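The chains carry the letters A, B, C and D, assigned in the order they are written, with residues numbered from 1 in each.
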Amino acid sequence: MRFALTEEQIEFRAVVRGLLADTCGPDELRAAWPDAELAGGGPGGGNGRVPGAWSALAEMGVLGIMVPEANGGLEMTQEDLVPLLIEAGWAALPDPVSATAGVAVTLLAQATDSEKRAGELLAGIAAGELSFGCAFLAGRVATSNFVPAATSLDQILLCVNDQVHVVGPASLPLERVQSVDGARDLFRIDLVDQLDNSTVLLTGEAAESATRSAFDFAALGAAAELIGLSRRMLEMTVLYATERKQFGVQIGSFQAVKHHLTNASLAVEFAEPLVLRAANSLALGNPQASVHVSMAKAKASAAAKAAAAASLQVHGAIGYTVEYDLHLYMKRSWALAGEFGDVEFHRRRVSDELLAI
Amino acid sequence: MRFALTEEQIEFRAVVRGLLADTCGPDELRAAWPDAELAGGGPGGGNGRVPGAWSALAEMGVLGIMVPEANGGLEMTQEDLVPLLIEAGWAALPDPVSATAGVAVTLLAQATDSEKRAGELLAGIAAGELSFGCAFLAGRVATSNFVPAATSLDQILLCVNDQVHVVGPASLPLERVQSVDGARDLFRIDLVDQLDNSTVLLTGEAAESATRSAFDFAALGAAAELIGLSRRMLEMTVLYATERKQFGVQIGSFQAVKHHLTNASLAVEFAEPLVLRAANSLALGNPQASVHVSMAKAKASAAAKAAAAASLQVHGAIGYTVEYDLHLYMKRSWALAGEFGDVEFHRRRVSDELLAI
Amino acid sequence: MDLTWSESEEAFRTEARSWLESNVPTPALPSGDTKEGFALHLDWEHRLAADNWSVVSWPKAFGGRDASLWEWLIFEEEYYRVGGPQRVTQNGIFLLAPTIFEFGTPAQQEYYLPRMSSAVDLWCQGWSEPNAGSDLAAVRSKATRDDAAGGWRLSGQKTWTTRGAFCNYLFGLFRTDPESERHKGMTYFMVPLEGDGVTVRGFGRLDGDEGFAEVFFDDLFIPDDDGTAATMARGGILGEVNQGWGVAMATTSSERGLTLRSPGRFQATATRLVELAREQVGNGLSEQMADAVADAWMDAEAYSLFTLSDVSGVVEGKAMGARSSYNKIFWSELDVRLHEVALDLLGPSAELDGPWMKGYQFALSGPIYAGTNEIQRNIVAERVLGLPRK
Amino acid sequence: MDLTWSESEEAFRTEARSWLESNVPTPALPSGDTKEGFALHLDWEHRLAADNWSVVSWPKAFGGRDASLWEWLIFEEEYYRVGGPQRVTQNGIFLLAPTIFEFGTPAQQEYYLPRMSSAVDLWCQGWSEPNAGSDLAAVRSKATRDDAAGGWRLSGQKTWTTRGAFCNYLFGLFRTDPESERHKGMTYFMVPLEGDGVTVRGFGRLDGDEGFAEVFFDDLFIPDDDGTAATMARGGILGEVNQGWGVAMATTSSERGLTLRSPGRFQATATRLVELAREQVGNGLSEQMADAVADAWMDAEAYSLFTLSDVSGVVEGKAMGARSSYNKIFWSELDVRLHEVALDLLGPSAELDGPWMKGYQFALSGPIYAGTNEIQRNIVAERVLGLPRK
């Protein structure tokens, strides 16, 4: 029994954190927003990507962390990737790290036997050459048909009932929609009738099983990012509450402020172990893995909502302005809390398992 | 438009409050507990009644407040009785004021045409000679088969599907059960097969309609008492927090204590108008009256739970002892919060009305 | 207790409803907190004023209808029921005007109030400063006496000024006694935002609108009141010099109180929430969400009844006092809750920049502005419940 | 990360389970916080001790099994899974013993620990006084030096002493420097509760049990330690004179920390909650209640995982520090929540004095004792998050 990251995992995580602090600060984040004014400054014209951070991660091998060695990857597990996604959340990196390194690799790895393309695509990921998006359009999982930065991606995986397709974005009917989080340059994909056999990657039971695993990873990836986002918001808020004075004292000395932040922090501290445990369960193929993922996503989503609410309330008016950085993280947390199943969806998966009603 | 009590109602309420303060203080309340040790002192051997308070209320005409003048009552309305039940709650009076003056009168008044006995019973209530209990054993309302102080009562009304019976407690199979609130000397009545026609008061549609009205009053009466109980607990707690010192200051000066109590107080202040509005709706036969009652009971129950929780937490260990008075009020509020439909039951009645699912 | 409306009140409702239904712009105007939106809202304010619907409870002489508080509630109900636009004049009408009614000279009332009700003058509030947010007594902006010129010279910075970039007047506190500290030695000024000595810089709000402004004063001259319109147009003082705190408190208490957030707005939101849920009945609406909707809807009803109770007291001459803080806490958190439930109903679409997400972001400002809810909770605890101040 | 148990740990589990299943009394014992119940619990403690299960993680010499922290967690899981009785010895074992291990002389350890583990000596804590509840530093009970007699004379009053009326020893702080204030000048005493100079008065708790006591000291003499058993039986001092605060803090931090509330207890409660809900499946269990059950159950899982994470750190030598306050806040509020959901499931029967209502009342003490959760929240805010103390 040892419920802790290994020294190597901790070190990898620290390196990624440093790298993201350098390449994906608030300035780079604002530059990913298409609309400079909504971002609260910056150049505008972004496409939901932070190229410097993406290529640095690619170079480090993060994208191929779960790709088999045979395809040029590190052949590590969800347990290794998830802590890095917490860091991606901390930086609010909008790029498709979870979708590429986690969801796509999960799907492709189950297709290598039947589809030669799958191995090539995995190799492309490991080489840092391919970025992926993923949409769940119909089936037993929560519908998720928004794909961030879709036009910038190389391939999009579509899970539709008992089929998994892989399609280039140019071949898809993409409708651009406006997310509250502008760094998620969002596109909606509606159920695509015109999909033909040429893009099929998996069908039948293999597709259904792969879809379930892929959805589980997608939800867990979002949960991990929400943990990182929550920590970032609380860090910013503690700093602000320590600097800002009202009534002649630091506002962080007020008990109401202390308790707001402690409550949010409690939610985060007790959600994170659920996230790490779910990563372990996915890595080991634990039969309870889906339930463990749902526990992680339900509690991480709730924790992020609590952290966002406490952070805004403690900041007061300055947190309400787009020129201040808080909104960059808060809006992402609002978006991810609902993505790949919200609190209600995942809590229901748990109660169905416990009570089978 | 005037959403306020009349001068007369306010005066009546003040008189009743004074009377109850004199006749139903913590000592008298402890004396109503059968078990002295559980009460935290007192003589023990009580039967869930406070005779001094009951006879004083009878003398003032409170019990017959809704009885028609023809039967010797004051022929006033729910709007007049409900504020007095708030006071009964404030004093935690365990006697069946709501059951007798509200529920029984509601049922009996609908039977006077068909049943001569009904008029006589109403006259007995108005004369202060009869006390009633009421149980809802089956039908469309929430099952409520616990009757406090049943053996001390003159008559018990039983609503069973499309029949209403009136039976003396000696003729009923009463099973004594232990409530957390010892002043509710509680008896369970299970569905009674042996009821025969001799005790029928109402049948068919008349019984169903009367049962609905009676249940509405029962729920509203409990809601009113919960408002009073909440106020009493908060008053005690404010006083304690003003007297008690820790860390060299009054504990009421800590922001955490202030905010606990303000939050509970908010819940109470915004529940009370719902209670008073429901009384008006019942008095006028408003077609929305049942929904208004459910809003009142749902929010008053939630408010009382919040008030109890905040009061205990602010008191700390002393509130955890039976020799201190808080438990007398807190345990009543726990009991009434679940009686005649809990928060979930009544919220569901409202959502069924709003959304018809 | 009488929960019915009188015949004349019903007639007032019918008249208001009929006018509003014919006049409220459809489709809904874009946000009034952008430059373009503000101009459209101004048109709307002028139309309201032209038919005397902009300030129904004011005296006719100042553009109102001498309507009772009950009629005002009815008007608000109808206004939000038909989806009437956000009132971009609200800071003047609801916050400054009560102060002018209480502290203004007859000349000031005659000059400022009709121009306000007809949306000729547009007022923003200048309470907050970089180091004086919740702590209003920490104001540092100052006004220096210039006896030679016969007036005051203002300097300093105000911030978080809602719609400041679109208004032509600001009201707020300035320190007139340089030796003073905290609550003392401040004066309540009305200040023009055009001309030399003023710089206004708009900046972006959470919801993407540029509805905030910073205002910089650099030796802005406000002449002493000589009772002429020309002078009053250049600003002035409400109440006595150095007594601004007391004057401002009258305003902030009206801000928290009855008139800023009439129940109509939240009932309208609750009604839209119920409609949103109804669309999902039979199509995935869970019991849990249905109950969450019912719960929020009940709170909107409770807020309405609480207000009716307060108005019943006020019309009989009872003071609301610190109870108005209950009001502020409740409506602001109710507004957040109503929007949260709606976003939960929307599921993954909640993140889209639709009306509920916009409304949510707007609602989030409620627990912050007009005195944070933490401060309101202190006020309730100390002044209503009677807990020690420390 | 390795979330599996080793072979030897599994063997330990099997042995513990088998022993517990054969020995745990059925039906469950009545509450140990009444005189009669306490006697039955004492029998149970003696049976535990006889087979060396009372303090598994202690050295064998003192009655333990030298079990690892992991094995201790396993034992606790199994203990609560089979519904093992509340540990009436817990104040000694979990609160005092860690202090004796850290501050006691070898002679003290040899004398007190085996008597504690075998439930010969029964310890209650004497932290609170009428004017020192949450504010431990306000202690007024004092110990006066009697050089002539060679010892200390204790006087004052302790209160809220759980099971004080049934124990024969108390540990707590007494002021030994009469000039001192707050945290200084106190000494950590172990005190016999029998004999002259001590009066113990039991009184009733919320749940009807008489599990609290007030303890009055009137010139109780504690002789100086001469290393003999006879003297130690009459009480003694842990650590240095006037250094009691530091000694006590070591204890209160263990009280809040790992050992008082092992996850096994809450997981057992969560399991019973799920069973209660299962009985209602198909018979009125709403989605809403099902989800409330799931939510509370998830929190019990989270608490277990959080503890595994902490233990993983501790066995590798990392200090928990103020993080243990997270632990205290979470388990105490989780316990309340688990019982609240159960009472909601029970509907109108919730008010009956059954096991869930009993458990609820017991759970309500969690956020109060061992440092109120308000104080724990301050500690987290200041020492973990780094907010200013003021």
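Following the convention adopted for this analysis, a contact is a pair of C-beta atoms (placed from the backbone, for glycine too) under 8 Å apart; a residue touches a chain by one contact, two chains touch by 3 or more.
Bear in mind that the values here come from a model prediction, so they are computed numbers and not experimental data.
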item: Remotest chain, chain C as reference, centres from CA atoms; value: D
item: Chain pair, A-C or A-D, that carries the greater number of C-beta contacts; value: A-D
item: Averaged-CA centre spacing for the pair chain C and chain B, given as whole angstrom; value: 41
item: Contacts with 2+ other chains: residues of chain B; value: 254-257, 259, 344, 348
item: Chain D residues counted as touching two or more neighbouring chains; value: 286-288, 291, 374, 377
item: Complex interface listing, chain C residues touching chain B; value: 1-6, 9, 70, 274, 277-278, 281-282, 285, 287, 290-291, 293-295, 297-299, 301-303, 305-306, 308-309, 311-313, 316, 326, 329-330, 374, 377-378, 380-382, 384-390
item: List of chain B residues in touch with chain A within their complex; value: 254-256, 259
item: Complex interface listing, chain D residues touching chain C; value: 286-288, 291
item: Contact footprint of chain A on chain C as seen in their complex; value: 128, 131-135, 138, 159-160, 203-206, 208, 210, 212, 286, 288-289, 343-344, 347-348, 350-353, 357, 361, 364-365, 367-369, 372-374, 377
item: Chain C-facing residues of chain B, complex; value: 1-6, 79, 234, 238, 241-242, 249-250, 252-253, 255, 257-259, 261-263, 265-266, 269-271, 273-274, 276-277, 279-280, 295, 298-299, 344, 347-348, 350-351, 354-357
